[in-house]
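Consider the two complexes below, in which chain A is the common component and chain B and chain C are the respective partners.
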Partner chain A sequence: MAPASKLSQGIKRASRSHAYHRRGLWAIKAKHGGSFPKAEKPAAPAEPKFYPADDVKPRTPSTRKPKPTKLRSTITPGTVLILLAGRFMGKRVVFLKQLKSGLLLISGPFKINGVPIRRVNQTYVIATSTKVDISGVDVSKFDDKYFAREKKQKAKKTEGELFETEKEASKALPDFKKDDQKAVDAALIKAIETVPELKSYLGARFSLRDGDKPHEMVF
Partner chain B sequence: MVKGRTGQRVRLYVRGTILGYKRSKSNQYETTSLVQIEGVNTKEDVAWYCGKRMAYIYKAKTKSSGTHYRCIWGKVTRPHGNSGVVRAKFKSNLPPESMGRKVRVFMYPSSI
Partner chain C sequence: MPFKRFVEIGRVALVNYGKDYGRLVVIVDVVDQNRALVDAPDMIRCQMNFKRLSLTDIKIDIKRVPKKATLIKAMEEADVKTKWENSSWGKKLIVQKRRAALNDFDRFKVMIAKIKRGGAIRQELAKLKKASTA
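Moving on to the complex of A and B:
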């Protein structure tokens, strides 16, 4: 029902009888044979035996889902990237694809500059305008689980063995990873060798020299 | 720092000089340092460097984590004035000995 208009604060436009007529309760009463229909009250819950000391609302778990990391527009599959930090800083490397975690999958190729198939974060990378054709490379088998660390098996030790140093840590790369590297690199190197000087470009490291101004460089 | 690297030494940082603290004539605010980055001469040039991480590296007598070198990390926050000087905040305030010494301004987090 439209709200009652008022002439001024506290003075309504409609008179008492006019307002009663407007509200229409008489019509509902008439429809139900003289009396206003009473809704059935739902049964009141039994008084709980225990009241918690504080009136605290339980926190609802957050339903927020993190967005997938946006890939910079300059980074497309096949782009040559310059690594800015870490063990391979300065190396020029080929970008293969973005993994579900948001990290970038890259490969040296290993034969050219010693960078294996690896994950790297977008912010530690400069994208150059050089592109390599990676249509011949199959990267569907690589995902974040491939790079997960192997869980150490904790064997129960006897008292004597507790004082012996752990000799378990085998750091050798499993063979299947070496084969994966070769498979990816074979296709990559073929594409790289078709472009003149790209191989030595990828083998060389990037470095800043005297007088270089990164903010004026075009990569 | 160089981890016993025998290969090429690459420089992936820009050199900067620590000028001192943010200050007025007779008050200084040590939480923010002023840094002059090499080759940066205008306020517009600084925009590229905003947010980039920097490291103040110094030597100490005792070894910590296997090396005599220690580091205070920070980042470029904003330009200071019109001529390319930059304000920087570090994880802990820079010591006064750092004035006039070098700082490394890295190229990450990169947005190129």
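Moving on to the complex of A and C:
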């Protein structure tokens, strides 16, 4: 029978000296010249000058990642949309693609109704069931950065100039944007002219008249 | 002044209230003073209050509570569908349905067409006026 680790309650099998020998600390001591190697204590932080009155847990930053905006199933590339708010309220425009920010990229086309390549929010739009063929249009170069505002250069004003009305340089549209508009619209207008009356439809604004029940209208 | 459309077995009626609104049904039996048993080719036979039915001019020749196949055959022989679609009432309903289903582009095209038609009528009228005064 193998020797049991204890003979009775509280009485170990190995004697004090036997247990010391078995543990082998004497070998480690001998290896390090007589004493047990002491681990270096990490430097203790200096006593802070200020202790806050209440124990407040520091807020952990949020790890929430917002989901990409869901595009309404009725809105597909080429859909004619009716804008409901803003400068172009009531205009019928063509939807090109959804940008990464969730906004919709649209174009009038500019020649037909004066709406340039623009971003618009889904919620301010009615999607009609009319579709335009936009297979010939290349919209890969448009993203949210294309529409970013230009940062104003702030010049230090002298005291005299502070009271003068500031003459802001009028912001003209850069030429490359005009060319982009023309490129997109050329393909769009070709597709629109194949459908009879679609051009005048896009040029007209939408409005409600007496007797119209929008909740019963099919768009 | 005398009544022309009677509640009788074989009378075709239009449902004007409820889940089956707009459906053409045939009265196949009378339950009591207020209710009729109605049937249609694409519907399960059920009872309906007379208040939910609008009687039409069309009547078909059937016996009390016919089998479904007999009913369908009688309806085909009487040609209920074409009679209904050619009646002014039936035509009105078809136009109403078509108008309700128009989409925004269609409504625009209708508006343009109406304007063109009005313009053509006015031109003709002006010609006729000129001819009558000349």
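The rule we apply is simple: the second predicted complex is superposed on the first by the 165 of 219 C-alpha atoms of A that agree within 3 Å, B and C clash if a C-alpha of one lies under 4 Å from a C-alpha of the other, contacts with A are read in each partner's own complex, and residues count from 1 in each chain.
By our rule, a contact is a pair of C-beta atoms (placed from the backbone, for glycine too) under 8 Å apart; a residue touches a chain by one contact, two chains touch by 3 or more.
Fair warning: this is a prediction, and the values are worked out from it, not measured in the lab.
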Chain touching more of chain A, residue-wise (chain B, chain C): B
Partner chain in contact with A:219 - chain B first, chain C second, else both or neither: both
Contacts of A:27 with chain B and chain C, given as first, second, both or neither: neither
Touched partner set for A:197, first chain B, second chain C, both or neither: second
Which of chain B and chain C A:186 touches, first, second, both or neither: neither
First (chain B), second (chain C), both or neither touched by A:19: neither
First, second, both or neither for A:173, with chain B first and chain C second: neither
Contacts of A:206 with chain B and chain C, given as first, second, both or neither: both
Partner chain in contact with A:130 - chain B first, chain C second, else both or neither: second
Contact residues of chain A, present in both the chain B and the chain C interface: 206, 216, 219
In the complex, chain A residues that touch chain C: 80, 82, 92, 128-130, 197-198, 200-201, 204, 206, 216-219
Footprint of chain B on chain A - complex, ascending: 72, 74, 84-85, 89-90, 122-127, 205-209, 211-216, 219
Residue ranges of chain C touching chain A (in the complex, touch as defined): 100-105, 107-109, 112
Interfacial residue positions of chain B with respect to chain A in the complex: 8-14, 39-40, 45, 47-49, 106-112
